[in-house]
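The structures considered in this document are given below.
Shared between the two complexes below is chain A, which has chain B as its partner in the first and chain C in the second.
Up next, the complex of A and B:
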């Protein structure tokens, strides 16, 4: 930014320290994933890719990756549809009631997920949704809604209401205005929300621990069990792949935002 | 010409605040009407009621004799050019112009033909594939015009269409807008606070203040014969002389204004107190005429085409506009000058400017 204060030495070192602190765990995971030992450890004599090979040879790990992926996709669709519709409705109606509802929609971000998980466990028991694909999709979809509501509401806040007037004035019906004017304008917000909802489901563990056991065994769940039971370095290899995948998603998100702002 | 649009007692209030007080207005088919007024005068509210975006609290709106008061804006479908244009930023120029056609379910071939004709109408051939943000203000304005006209609306509404442009470009586009109006032969209703724009563009001007239509008429009629002090003051500049009618003749009256007895061409009752509006350009410096007044130059500004002079006189300060070219005198501050005007130069106006 032109004309802004330059950072001093204190601010500069504080910034670097924070950045380092954030990425340091990643730098530990990388060598651990390439250890030549058979348990979680730093490499002793040399680097090896055998745990990556082991990961690709393991049908169990693959099944979990596939399951997590499909659960994340389905719950993203659920979160994006409901979250977007809600955000548009709240924006259009904009009353005290919708503000209250908006706060309710953000509840999953505020309530600790373990509290949520205990509650869900009760209900899902009654409805026979425990250890079901559908149950996890619903749980992840609902807890993913706040991300979509936030990003879509932000996009709507900068939507010029005269565009809607202009479209109406030219004879467009509500459906046409939505499809041709409002949705394309807020699409970057929807995509951002979808990416966050996907990541949320992709690495969610606490709820899964409560509502799934054998049939549904997501990737974070398998990593968790792996650490508890056998210290298998494959976990580090999986973690590296997860980091890579998440980074790709975030880069996509950044590209979408740049396109919107540019 | 027949009446295309008619407002009958159209009113809008928000709680206790009256934005528009029962407006009556008839717009002739194919004419260019401008609603002119200062900000907060209710002109935009009237336009929004015509477009259908604002619901009137009372009154009716008729299009070709048909009551459209209850119709939603998408059913009225008047062309509209918004302040700031409201072009769709995610669509190209061609897609923007095609929007009202797409809404009506026209086929691709027909759409493309009409879009090309509209681009041609506003001289923007070759810009079809650009995005609005890649265009200058004037070009965006033309796209907005093309988009508003492409579906042959019964009425074109313009909300301060030129206010965002600089002075020179504004003059150019005024010219174009007038030519466009002649070419398409549609009824245009324009809203502005710019009196020059109103005078140069319109067949008729309606002047608004505090939510009321004060006077409506052709630009020249309004300028030459303002009905009230507000109209005279808002449409150009004016000197106001207050006096009492002392003599009533067959054609002229004599108005006693301070120590001065003015000859005025007009009618009034004997003993009546009147307010005269006298345009600064109708006063001549250093010349003789029906009415003569001595004064001392208080200030003089050179404006290129003319001098704007203010003189201190026995009846208060008087503004005079004098063409600079071949002027009888070069006004200098402190100089004593004689000024004169003809008996038919001034107009009697109603004093409504309490505020």
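Up next, the complex of A and C:
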């Protein structure tokens, strides 16, 4: 739709203002993270990397980063395997019942995490999963399924079902059809789903606030305590690294999509 | 006939088995804990509707409901306005520019909600960057109260919600035939008329979808209001957490959680007649 019709001055300036409102607060973290002061502020005399050095020297922050990373990896594997198989089967069977089931799979996107978190708080008490690595992995994995179901379903929408029928007709087993026909064609969708499931777990705080306390102390949990308790500029360094990390993952996702579309 | 069914089952059986892992996982570890929340709201402290009667009698319950609805309505309207302007600009932008505009929407969308709330605290607090620069410029003598109140919550929430408002609106605006706009202009309509009589009506489905999405996401929002509200302005999610973790009032907390879920599901059900839900949540088939 280019060239034919341009927005007027009012629409254009409001559009620009909105874009700046979205992006500028994120950019402000960069200079703050490089402040030479001991509290959160803009640099006074010059730039300094000492808060980044402090972050890497801190065993507490490092332990939380490692823990968040492993939890995110494990819950991504859980969400991707179950979610992908589900999406493929629902696409292949495609009946009223599977449509309903798929709506059910999207529930974690609709129901606020606070409701799930208080439910788990009591439920995991029975299972003895409170403050356990495994408990957080299950909670993050289950709530990551919808992202995988959505991206894989979207990838399947452009997949010709006759390919699957042809393969089956020529005697391929279910396992062979999956491994050789369907999975290779929808790989970009699976990768997208994995990226989103990973970011979901990596950033998740509300559930963790309820089902973890001391042994499991993820990165978002440590940031949360930091925001509420002190004005340590290490926070800004952490925030900056998180922004970089997310941006890199998004760029990878865009590259994967372009490859798929191209 | 019967043999057909059996044959079909045998043929499809493998596929049904593939549905199972996700289904079991979700039933055991998602649906059950949530059903339990609903059950507790009727069972504790004693069986019956006593928790729900508090909606009519308890001032604290009423205050938190009204505060939440007010903040969510304001947030939704502002997010729609800003999101609309942004989607409009993106739709009418050229191919290359559009990619950059989209990045402005997608990067904030995926950046940790904690990081964004942290950025706003850094900017808005009493010794924050905005107050310091305004004081430095001599425009104000006393720092402005920009955060730990409703204003701060709304600034942070709108910032979070604008990308969610943009995506459905953008999808519906991109289906508008651009030559229609040029044609209306060519036949003598002013820019304002083209917008009001052609573009706006055609983009309405996207606006409604975006409004529903932003509103239901705002209702259960926890982190941003908790950080930017500073414990003074309570919204539903933070209030629930307070009941459960600090006051150990499971009945009241789960009652509010149930109310929250029911409100969201009813809103979705009402608007599912107007809005294509599959487009909202990206269905495949």
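In this section, the second predicted complex is superposed on the first by the 245 of 262 C-alpha atoms of A that agree within 3 Å, B and C clash if a C-alpha of one lies under 4 Å from a C-alpha of the other, contacts with A are read in each partner's own complex, and residues count from 1 in each chain.
Here is the rule we go by: a contact is a pair of C-beta atoms (placed from the backbone, for glycine too) under 8 Å apart; a residue touches a chain by one contact, two chains touch by 3 or more.
Just so you know, these numbers come straight off a predicted model, no measurement behind them.
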{"item": "Chain C versus chain B on the shared chain A, clash or fit after superposition", "value": "fit"}
{"item": "Chain touching more of chain A, residue-wise (chain B, chain C)", "value": "C"}
{"item": "Which superposed partner A:82 touches (first chain B, second chain C, both, neither)", "value": "second"}
{"item": "Chain B versus chain C as contact partner of A:115, first or second or both or neither", "value": "second"}
{"item": "First (chain B), second (chain C), both or neither touched by A:247", "value": "second"}
{"item": "Touching partner for A:172 - first (chain B), second (chain C), both, neither", "value": "first"}
{"item": "First (chain B), second (chain C), both or neither touched by A:160", "value": "first"}
{"item": "Chain B versus chain C as contact partner of A:183, first or second or both or neither", "value": "neither"}
{"item": "After superposition on chain A, the shortest CA separation from chain B to chain C (Å)", "value": "9"}
{"item": "Chain A residues contacted in one complex by chain B, in the other by chain C", "value": "none"}
{"item": "Chain A residues touching chain B - in the complex, by the definition given at the top", "value": "160, 162-163, 165-173, 176, 180-181, 184-185"}
{"item": "Residues on chain C engaged by chain A in the complex (per definition of touch)", "value": "12, 14-19, 21-23, 25-26, 29-34, 36-37, 40, 81-83, 85-86, 88-95, 101, 104-108, 110-123, 127, 129, 132, 159, 162-163, 174, 176, 178-179, 181-182, 185, 191-192, 194-195, 216, 219-223, 227, 237, 240-241, 244-245, 250, 253-254, 257, 260-261, 264-265, 268, 281-285"}
{"item": "Chain A-facing residues of chain B, complex", "value": "51-53, 72-80, 82, 84, 86, 88-90, 99-100, 102-104, 147-148, 151"}
{"item": "Contact set on chain A toward chain C in their complex", "value": "1-8, 11-12, 14-19, 21-23, 25-26, 28-29, 32, 40-42, 78, 81-83, 85-94, 98-99, 101-102, 104-116, 118-123, 138-139, 141-143, 145-146, 149-157, 174, 199, 202-203, 205-206, 209-210, 220, 223-224, 227-228, 235-236, 239, 242-243, 246-247, 249-250"}
